[in-house]
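Got some structures for you, see below.
One chain, chain A, links the two complexes that follow: it is found with chain B in the first and with chain C in the second.
Entry: the complex of A and B
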């Protein structure tokens, strides 16, 4: 393999892995947008809450990674339902902008509650760090492959849920046409709660996946929210497959830019991607159909 | 009626005049008995600096107590007038104004945060009040302070040079530097590159990375391509933690070097020991081998006074000695004399009290401090200082050396 080809392959592999992890919370963001029609920035703190719930399960209670990931999903989902019911629901009649701003306020409040409980220091999961596997010039981390598998499995499960289950179909119906769905007797409130549970649960799971690869602190979610938002917008806010494609685009794009740019411009690439995609395709790569 | 009024007025006039006469004599009277010589302390007792401020205050007070026990300055007792800067530039400026305009102190000692020092410095130099600080930002000594400011903390330029000297002395031939995007990154890289070259080593590459990334695999690949013996990780704890993990995963076996604020005890707890094994950390250090340090230890009753406590010790000593040398307690006098008592060919002294004795005999002195030699450049930066190097072994820090 020529050195350049090897480098490009390595960058694509790195990008696909970070993109896949980004995709999980991006799906959460886009699913909530599809049903409730506002970008819920409180996703950031829910990612943090999931990461800390998983940390308690793994490092404090001694559970292995897989059950801890489920704890992260359930805890963030539960907090998501409560915080929406208590805080954000009140703002929805006031419109899209007000609710989005309220969600930013909510995320800062929740993040500080985590800080109050756990302090500011960095924490790591009880997890050995393994050396990378090498395939010729390409190296891949076992932990990252595991994260990729968890992310892929979660996405597959979500697709099955939306395609085959009655509740999943009801969710898509509300996302497509709330008026028609309500005439058909679908309880939009119940679907709203469900989408919050699933969406924030995915955020929590994503937060834990990020933490598995790094360390966690109260800012874990906040640090990645802009990339998550970029992924969802690039794919088409409201489209679930779009979130996956958007996340992979942002992830791989950020890595490939290193061929030409100094690494300190990496974050800019995600946002240049938003500008480009929205200029060429204002509704994102896959448009805004939920599914 | 009219008479009464005149009489009353006359009486009150006489009374008033008497009172005025007494009042105008009063300062003279008190002065003769030795009105205290007041020095300003402006340090963070609350806020982000709330951990260091009170300890610095204690260290200054300890020196002043010793000076007072030995007879004070210019025949007067010395008193510290303490204000809390709250680690907040606005509160700090208000407090500095009070110290300067109301208390009329010749010197203010103890500002900690760079933002606070940057705000307080103009107030000081405009009123010719001397300021001593621990703030590290390079920009501070470049302010047009006309010599009314000294800092005992090494700036980035000095730190980069010292780190590069240490790295070259390890026998490293190929060094790579990964820095977070921050104001200090580029100047540090440039200075370290320069010094490595002078010392026969080489900076084979540098990169500046974006903060807030969840992985730095590709950055690590870029660094490893240059085949370095040592990688200098110049960032903060969250990103350096990720870099250490990614370097371990990539199978890097060379040395990793970082600032002690980026690889803290907490970072060691959050990472498996095999990932941090052999990491070298550096931090500015007190001059632990100096007699002045030994004296500070006894004075404070602390086993190991840290860099901040020793710097505070040195401010109180430098200001006291400058006043004694000038035989005047004004900001201008301290400004004109501070370099006469801390650098040059005079007899080396390690405490304010010893220095005062020699000055009283008309001798020249050279104060060597607990934080370092206390020699200053024209713009008020220290010329040299010690650094503490630790190496991580089994998830714990072990001292390599202080040099």
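Entry: the complex of A and C
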């Protein structure tokens, strides 16, 4: 393999892996959007909360990574239900603009609660140091593969839940046509709570997976929110398969840009992707309509 | 103490200018801008770089800051104008973050996270610090006054009326034959110009700018100022800006008095307070404390009762 080809392959592999991780919070965002019809910027702080809940479980209580990831999901999901019930739900009648502004205020409020408790310093999870695995010229970290497996398993579980379970079908029904769903006796309030639990739980899990690669601090969620929104918009806001495709696109795009950009500009790539998609195909790859 | 008060008045004036700009975008046209700090940053950087690197006069730098920001605003608005409003929210937020990323990393241009220092201030070298503060306050007051008059004219003009119609119901405005997209882009451009000018004013006052200054929290301050004063209400925007600066500064003095709270925790408490306040205001006073007063539209007096045959 020529060195350039090897480099490109390596970047695509890295991008696919970070894209798979990105897909987890992007699915959460797009699911909440599909049911509740507003871009929930509070996703950022819930990713941070998940990352810190996982950190407490892993680094403080000494749990292994897998149970810690579940803790991250449950904690962020629970906070998501409560914060929606107490704060964001009140805003829905006022329209999506007010709700979106409230959600960004909420994200800063929650982020500062985390900052109050943990301060600003960077924290790392308790991870064994392992040598990268080599496949020819391609190198892959075992931790990355584990993250990939967790992300893939989460997505598969979510897919089964939405396709086969009664509640999952009810959720899709509300997203598809709230009026018809209510005629069929589906409790939209309950579905709203459920989608917040699952969506914010996914955000928390995603926050922890992002943190496993590097370190965490109160800004962990906010720093990645641009990429998460880019994934959801590129795939089509409201479409779950779209979020996965969008996340892979953004993930690989961010990596490939390293060929001619410094890594510091990575998250700007997401913004460029948003602009490109909104100019060329506003509804995204799999979305329905954007106007 | 006097200097401190003047400095606070200057920052309140700068906030007021931003609130006036956002009032056109959000209050009149009903468009959401979650990244107004990004526009503020563009104005600050453009003016600072032009005066520092090309040696242009400060007034030219400030004007250029406003114009460039306005053009950027047109770009942002054009991309999303035909889409649902939530896309504008996403794009503006992304814009502000991207500006911060570029400002932190384009070291050759912006000096990265170290920021740009030594930005010229008008007559700074010839005046004592006190006199400079007073002069600058005068400049800010004059600019805010002009912006206020402009905003008032805009509000009462047919243009402002169309913007309010678009805010209240886009389709009705379109049916009435108004080019909705064009009006929205124009409103966004005007608001962005005020934000850019505010950024330039900030840069030349403090003489130092860095990416850390342009955080999303600043966006919340301005939203709060606008809500405190009343959305769509220009006098309210100015009053609200002063109220927010007063609140911010008083918490700066009060929070250190709370026992057992470290500096980081104090800062966190402050941000928490601002965010909570914004949520509460949005919830209970979504049109602000002082509601918008619609300009009177003279109704032609009818000449006697209408008779039907």
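In the analysis below, the second predicted complex is superposed on the first by the 281 of 291 C-alpha atoms of A that agree within 3 Å, B and C clash if a C-alpha of one lies under 4 Å from a C-alpha of the other, contacts with A are read in each partner's own complex, and residues count from 1 in each chain.
The criterion applied here is as follows: a residue touches a chain if its C-beta (ideal position, glycine included) is under 8 Å from a C-beta of that chain, and two chains touch if they have at least 3 such contacts.
In this text the structure is predicted, and so the values were computed from the model without any measurement.
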| item | value |
| --- | --- |
| Partner chain in contact with A:21 - chain B first, chain C second, else both or neither | first |
| Touched partner set for A:197, first chain B, second chain C, both or neither | neither |
| Touched partner set for A:73, first chain B, second chain C, both or neither | neither |
| Partner chain in contact with A:52 - chain B first, chain C second, else both or neither | neither |
| Chain B versus chain C as contact partner of A:139, first or second or both or neither | first |
| Contacts of A:129 with chain B and chain C, given as first, second, both or neither | first |
| Residue contacts with chain A in the superposition, chain B compared against chain C | C |
| Contacts of A:265 with chain B and chain C, given as first, second, both or neither | both |
| Which superposed partner A:210 touches (first chain B, second chain C, both, neither) | first |
| Touching partner for A:11 - first (chain B), second (chain C), both, neither | first |
| Common interface positions of chain A, toward chain B and toward chain C | 262, 264-265, 267 |
| Touching residues on chain C, where the partner in the complex is chain A | 30, 32, 34, 79-80, 82-87, 89-91, 93-95, 97-98, 101-102, 104-105, 216-217, 219-220, 223, 262, 264-265, 267-269, 271-272, 274-276, 278-279, 282-283, 286 |
| Chain C-facing residues of chain A, complex | 38-39, 41, 87, 90-91, 94, 96-98, 100-102, 104-106, 108-109, 111-113, 115-116, 119-120, 222, 225-226, 229-230, 233, 237, 262, 264-265, 267-268, 270-271, 274-275, 278-279, 282, 290-291 |
| Of chain A, residues touching chain B in the complex | 7, 10-11, 14, 17-18, 21, 121-124, 128-132, 139, 141, 143, 210, 213-215, 217, 219, 223-224, 255, 258, 262-267 |
| In the complex, chain B residues that touch chain A | 181, 207-210, 212-219, 221-222, 237-238, 241-242, 245, 248-251, 266-267, 269-272, 274-275 |
